[in-house]
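So that you can tell them apart, the chains are marked A, B, C and D in the order they are listed, and the count of residues begins at 1 in each.
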Amino acid sequence: MKLWDKGHVPLDERIERFTVGSDFALDQNLVLYDCLASIAHAKMLQKIHVLKPAEFKMLQKELVAVINLDKKGLFKMQQQDEDVHTKIENHLTKKLGDLGKKIHTARSRNDQVLADLRLYSKRELQLIIASLLELSSALLHLAKRNEFVPMPGYTHTRQAMPSSIGLWVGSFVESLLDDLRLLWGAYDLNNQNPLGSAAGYGVALPIDRQLTTKLLGFKKLQNNTLYVQSGRGKIESVILSALLQVNIDLGRLASDLILFSSPEFNFVRLPEEFCTGSSMMPHKQNPDVLELMRGKSAMMQGYLIQIINVINGMYSGYHRDLQLTKEPLMQGLALEKDCLDIFALVAAKIKVNRAAASKACRLELFATDKALELAEKGLPFRDAYRVIAESKFDFVADPVENVKRKTHLGAPGNQCLGMAEKQILEHRQKLREERKNFERAIAGLTRL
Amino acid sequence: MKLWDKGHVPLDERIERFTVGSDFALDQNLVLYDCLASIAHAKMLQKIHVLKPAEFKMLQKELVAVINLDKKGLFKMQQQDEDVHTKIENHLTKKLGDLGKKIHTARSRNDQVLADLRLYSKRELQLIIASLLELSSALLHLAKRNEFVPMPGYTHTRQAMPSSIGLWVGSFVESLLDDLRLLWGAYDLNNQNPLGSAAGYGVALPIDRQLTTKLLGFKKLQNNTLYVQSGRGKIESVILSALLQVNIDLGRLASDLILFSSPEFNFVRLPEEFCTGSSMMPHKQNPDVLELMRGKSAMMQGYLIQIINVINGMYSGYHRDLQLTKEPLMQGLALEKDCLDIFALVAAKIKVNRAAASKACRLELFATDKALELAEKGLPFRDAYRVIAESKFDFVADPVENVKRKTHLGAPGNQCLGMAEKQILEHRQKLREERKNFERAIAGLTRL
Amino acid sequence: MKLWDKGHVPLDERIERFTVGSDFALDQNLVLYDCLASIAHAKMLQKIHVLKPAEFKMLQKELVAVINLDKKGLFKMQQQDEDVHTKIENHLTKKLGDLGKKIHTARSRNDQVLADLRLYSKRELQLIIASLLELSSALLHLAKRNEFVPMPGYTHTRQAMPSSIGLWVGSFVESLLDDLRLLWGAYDLNNQNPLGSAAGYGVALPIDRQLTTKLLGFKKLQNNTLYVQSGRGKIESVILSALLQVNIDLGRLASDLILFSSPEFNFVRLPEEFCTGSSMMPHKQNPDVLELMRGKSAMMQGYLIQIINVINGMYSGYHRDLQLTKEPLMQGLALEKDCLDIFALVAAKIKVNRAAASKACRLELFATDKALELAEKGLPFRDAYRVIAESKFDFVADPVENVKRKTHLGAPGNQCLGMAEKQILEHRQKLREERKNFERAIAGLTRL
Amino acid sequence: MKLWDKGHVPLDERIERFTVGSDFALDQNLVLYDCLASIAHAKMLQKIHVLKPAEFKMLQKELVAVINLDKKGLFKMQQQDEDVHTKIENHLTKKLGDLGKKIHTARSRNDQVLADLRLYSKRELQLIIASLLELSSALLHLAKRNEFVPMPGYTHTRQAMPSSIGLWVGSFVESLLDDLRLLWGAYDLNNQNPLGSAAGYGVALPIDRQLTTKLLGFKKLQNNTLYVQSGRGKIESVILSALLQVNIDLGRLASDLILFSSPEFNFVRLPEEFCTGSSMMPHKQNPDVLELMRGKSAMMQGYLIQIINVINGMYSGYHRDLQLTKEPLMQGLALEKDCLDIFALVAAKIKVNRAAASKACRLELFATDKALELAEKGLPFRDAYRVIAESKFDFVADPVENVKRKTHLGAPGNQCLGMAEKQILEHRQKLREERKNFERAIAGLTRL
């Protein structure tokens, strides 16, 4: 039975299929969170005397039972269930009679789904941050092992200046750590309690929104009840914007690796068990996993565009189109987790072909430094530049010595990898606390 | 067993899951087409004496059997099958031994998947065109029934000039018929045979690509074997670009209907069985189906962006990222079919509230025509405009008469709906022929 | 003076600046077309007796004078002119008094701007098609000169199968010719007369829209007056969708050239006068022009997204946001013209390093063909594949012979470049006719 | 003379025009910042004894002179200047001879342009944040003046529950303040010193990057020299992602205002001096400024897409395509500033039609509250819901009383506008400090 069924004309079945779409399947991800938010809501209803303590206990017990069923895969969403809120409320009513219906006092599916999505996103972001830190560590380890191993530094896909494996890989670590700042920013924006906004205009009961904020472990209350609704799609798109930056970084690293592992370059080697072959060409070892990684940022971009353009130009207040933001959000979060975990596997197995990387450094690569040497002897740099440009590069150069000689902050010879290491530790610490708080809130709600 | 398995190191299981992704599930849609393309390929191999007639017969019989299994849902793709090509070839080998392996002579999965996707897209586009014509007919019918029923014409979301229900609804019919031209353009681009390009560089056998072109019912051969590969993603994005135009039209019609069916406007009524309610607000009748329709163009846009950005900046030749174009293509085609069918249902049931639409026409709406009347009497239009602007609109006006008085081509009083009707008939005829050709090709291939 | 000024409260100056935006500058491109559409409109007004023949003559003469002033750069749009329609009408009124005001009878700026943009886009598309054909010819010429010059064929950025310079370059010619079909499709959609739709709801005068269609050289009338308005942004986005496909092709060719001209590959050489250097590194020869070419598809994509999302979800009827589609349309058209012309220059000057390209072909490249040879001798291909995979590629191979041996349609040894040549000629012929028709219409309108 | 000119073959003139593009014009915005970064770089070169104190003084004096010329509009970029770095260095060399050339020691245009853009973005973001705070204040003021003025609250574009003008307007204030958190996040990411990374691989001189960080007022050093290059486009896209959220908010408010100021709703009135008319329809008062505001988020989205897709899939290291990120960044920043300032003007002048807004509240609007009253008396909410749904809404209700009765946090009767006020003050304080620091750095560098 639909929560909004008034017993009149039933919804056309084809229309129902269209409006429900894949929502019922996506909502499987929300069962846990809908139960948690319902327990918090019920607890609050008890506090304001809408529910009696015994009533709360019965509801809580039943909701915890649903959580446990779901964990075992025994609380399956079907299309006719419409959505997770309806299914759970129907379940409660079946088990508890009228009491099951009372839990919907002072709330709407509009604030329910928002609460579910915020909790879901919070957990997923915690997992993503953990995976991002794993990948960062793996890359940092790779950088450290090859800190001063020379390789050509490229600009314009042309050899430009001497570089090192450490500098190259380390550049991704610093970039990912900057992404992490964006992720935490999105995490904080998401960490606001929407419950109690009902359909966007509040309710005529003295509900205690601070209490549900605390019970659910949110950092703050999202205040204005109408803004809560306007926040749908907004927070989702902020999350995906941050994830997209991660994907762009991963795509760039994948691009580099595809090129640098090609026979023409051969600076790195991918382990055979990570490569696929061709059904027609017996000799191929293809970097499929990296190519897919490269392509995934296009996927993420699509998800982001979908959310942005569902909300773009929309009036204030809830509209059903907002439902369409759920799928790209969930797809985006799952994609990110997957990409990070797979890339961490890859990063741990990449072999650097040190000899080849070093040997690939052509003499031209040292031209700038030679010009600079002349400049240090007093020639204006612009003139030194022209002298070297005409010298046809007949000089000798030692790549390792060159790399080590560049000792200013951030240069190949002074990469400050320890700084990245320190940051990773700090982020791990912050993540640990966030997870602990969240677990504590869940434990509090589900303790019978 | 993978088609490219050389018996060495197996692919890491997690990497395999990542690279296969949802491909195996999507490939369920391609079983029929992979079998058809395989039969055509085998027939051609027979003609060039790579296969004996009896061998072809055995392969054909087995492939027809797969088609029949698939129709009954008994040829299920699993993740370990990797893709449809592998699964079918493994099946053939299991049934026919070495003969099963011979069918892969002179082809690659690269041209196979392209052939499958072209055939799949062709069929789906035929279905979409059929649905689009259905919707156009339903709208045309609605327009005709209300051809001269007055309603306010809006610009800037403000009443501007008298209009009619017919003009308003008819504007969508003409727009959809223009979209149809784009769809046929995409259809034609897709109607090129990629088979025989192998991995993009042809094969050293005298294969007959004209023959497979004819057998599969393609309109022409896609010539350059490397261009065949570069066409991946390109044709997909041309298809989705055309579909997006349809979605934008549907979104606009949905927006109009949401507003015009609101109590503040009340020009049209949606049937109750197409509306959903609120779990909290007992009085609501919500146009969810239209809101979702409005939001779907954002989804389509996301799919398009995904395909565009997978191929953007890519080098020539096959890359695994191209696999990522399969999902958005299939999602886009399915979405369109769904939207058109649902909207045809809605269009057939919309009730026009003639009295309300007519009564809503405010006097200001006639101001331009009044100014024009003065202009006809010799006052320069710019001056007439100012006279009326200052008159405070104290004149009388009959909306129906006004609508009918505008008799130039395309105006409310002369909408030329018959032209649209004629075009619909022509498109139906063209579609009928296309479908017949396709059915004929399929029948030819599967006749044992 | 604004065309809509009623003599009351003036528009706030900051608001005016914001609403006019860059419109006034963009409208400089439309002066010619606004004059042409105005002449056609006036001629029609004469036919229906709103203007006397002498009045038409005076208006025509003044409008032709404006066209000539504009050619000399003496009819400059300023911000206070608001838009081209206002400026020209004010000019006419200044010159001809009340007669200047009469020309606005039976039209609105809404259909005026559409007529201007359609004519403008038509001319620009003709120029773009001409440039595309130039580039195609240049590439075809390059392909022919190097038809059978071997080079490695790549998949997954890995050497895959022997290919040829001709096949590689020819793949772009065929792709561009497919793009041309899309361009002609967009051209046709744009080739519809919007004049006479006024503000979207027609006018109460017996205007002759067929006449203006003929006078302006449009192929057909866009019938429904409200659809004319809904077509704004739609046609623009169809045009840019087609252009984007061209840009993606150009981007791919640029990507290939950047890689293949790098010292690591060295298959082609860019002329020195097309390369830029580095301010710091004396040895650099950078392919900046190609890198920008690669990046331009991102620009085009942005323009397309802008237009799509201005119209996405919009109600029927004119809205001021539509003005925002003008800039990306003009930017997109200009960008395309520029890219094609520059790339034609580059294509004409590329040097193929035949020895290097041929020498780069590694033995693995021939593995598939060797497997196929075994297959031809009766071994199932799958087994031959494994035999070769284990052979460590100890065989000899002649790249030129290999290339020439692949003689099926579209293969390296049988590229059918003549077909592309024939198509180019056909497109040139079609373009010539389209241009002639357009010139004839312009001559007819401006003949005093 | 180009900085990279080696005296050989000159760059083809058409290629030069294409590669320079609009860069020279955009670079006008960077003159100040290029001078500041150059002074800081020269000061650092002095510290490491590459320049003598007197040399630094001469360079500083000349660079300050350029800043002053630029302020007066007398340092005009031309196309042949290529870019701002070249023009300024040529200017220095003209004035100071060889000394002018020495300033380029230990830097590249790659890190120069990054430093310029970071400083430029920083200043623009400060201005944008100031404007955002202005608009927030204006809206807060509007909300406060109408805190408890009833209006219908909408969901699904249907009247849903009683709301208030204060709640509606206040929802945007809270949303904008959340956007501000994103803006500060982008601001912080941008607040990193890229100088000293040279072409991405550092320099073989003991440059002091901490010193330039301090001199230029950056909050921290961007460490890894290669990451500095990879940060191009990334930081830009993070900035535009944050701006896009602001534009979506503004677009939503514009959408609401367009609808609510229409005669059918009439809750608010736009001042006449902010409306435009029609050239054809004498009665129109069009909300053009709001429609453009609504459309601008599409523009911003396009700019973002452009930047994202220039960098998407790119290899590490500088590429010339990156130049293409400059224009959309500058357009995006300018657009935002403009939109915020214009909207603040509008917000200050909106008149609320209190009687109309209140009177528009239909009885159904109170149905939920009536159901809740029954629920409070013990009926399960689901049953109360059905009772009311069947009652045909024959009850009385006082909108003002209803609004005030909802007193939980964030509800119409308890909007907590003071919290927003407090936050605005805190942001103002933070902004003031940021601006002071920046001014102090500039003063330090330009003090002769």
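Operating definition for what follows: a residue touches a chain if its C-beta (ideal position, glycine included) is under 8 Å from a C-beta of that chain, and two chains touch if they have at least 3 such contacts.
None of these values were measured; they are calculated from a predicted model.
Trainee: With centres defined by CA atoms only, which chain is the most remote from chain A?
Mentor: Between chain A and the rest, the longest centre separation is with C.
Trainee: Taking contacts as defined above, which has more of them, A-B or A-C?
Mentor: A-B
Trainee: Need the CA-centroid distance for the pair chain B / chain C, whole Å please.
Mentor: Averaging C-alpha atoms per chain gives centres 24 Å apart.
Trainee: Rounded to the nearest whole Å, what is the centre-to-centre distance of chain A and chain C, using the mean of the C-alpha atoms as each centre?
Mentor: Chain A and chain C have C-alpha centres separated by 38 Å.
Trainee: Please tell me the distance, in whole Å, between the geometric centres of chain A and chain B computed from their C-alpha atoms.
Mentor: Averaging C-alpha atoms per chain gives centres 32 Å apart.
Trainee: So which bits of chain A are touching at least two other chains?
Mentor: In chain A, residues 3, 6, 104, 110, 155-157, 160-161, 198-199, 259, 278, 280-282, 284, 286-288, 291, 294, 297-298, 301, 305, 308-309, 312-314, 319-320, 368, 386, 389 touch at least two other chains, as defined above.
Trainee: Quick one: which bits of chain C touch chain D in the complex? Just the residue numbers, please.
Mentor: Per the stated touch rule, the residues are 2-6, 8-12, 14-15, 18-19, 21, 85-86, 104, 107-110, 198-199, 272-282, 284, 286-289, 291-292, 294-299, 301-303, 305-310, 312, 319-324, 328, 338, 341-342, 345.
Trainee: What residues on chain A touch chain C, complex-wise?
Mentor: Interface residues on chain A, with respect to chain C: 155-161, 258-259, 262-265, 278, 280-288, 291, 305, 309, 312-314, 362, 364-365, 367-368, 371, 385-386, 388-389, 393.
Trainee: In the complex, go through chain C and note every residue touching chain B.
Mentor: Within the complex, chain C touches chain B at residues 3, 6-7, 50, 93, 98-99, 101-102, 104-106, 110, 153-157, 160-163, 167-168, 170-175, 178, 181-182, 185, 188-189, 196-210, 221-231, 234, 237-238, 241, 244-245, 248-249, 251-252, 255-256, 259, 294, 297-298, 301, 305, 308-309, 311-320, 368-369, 372-373, 375-376, 380-383, 386, 389-390, 402, 405-413, 415-416, 419.
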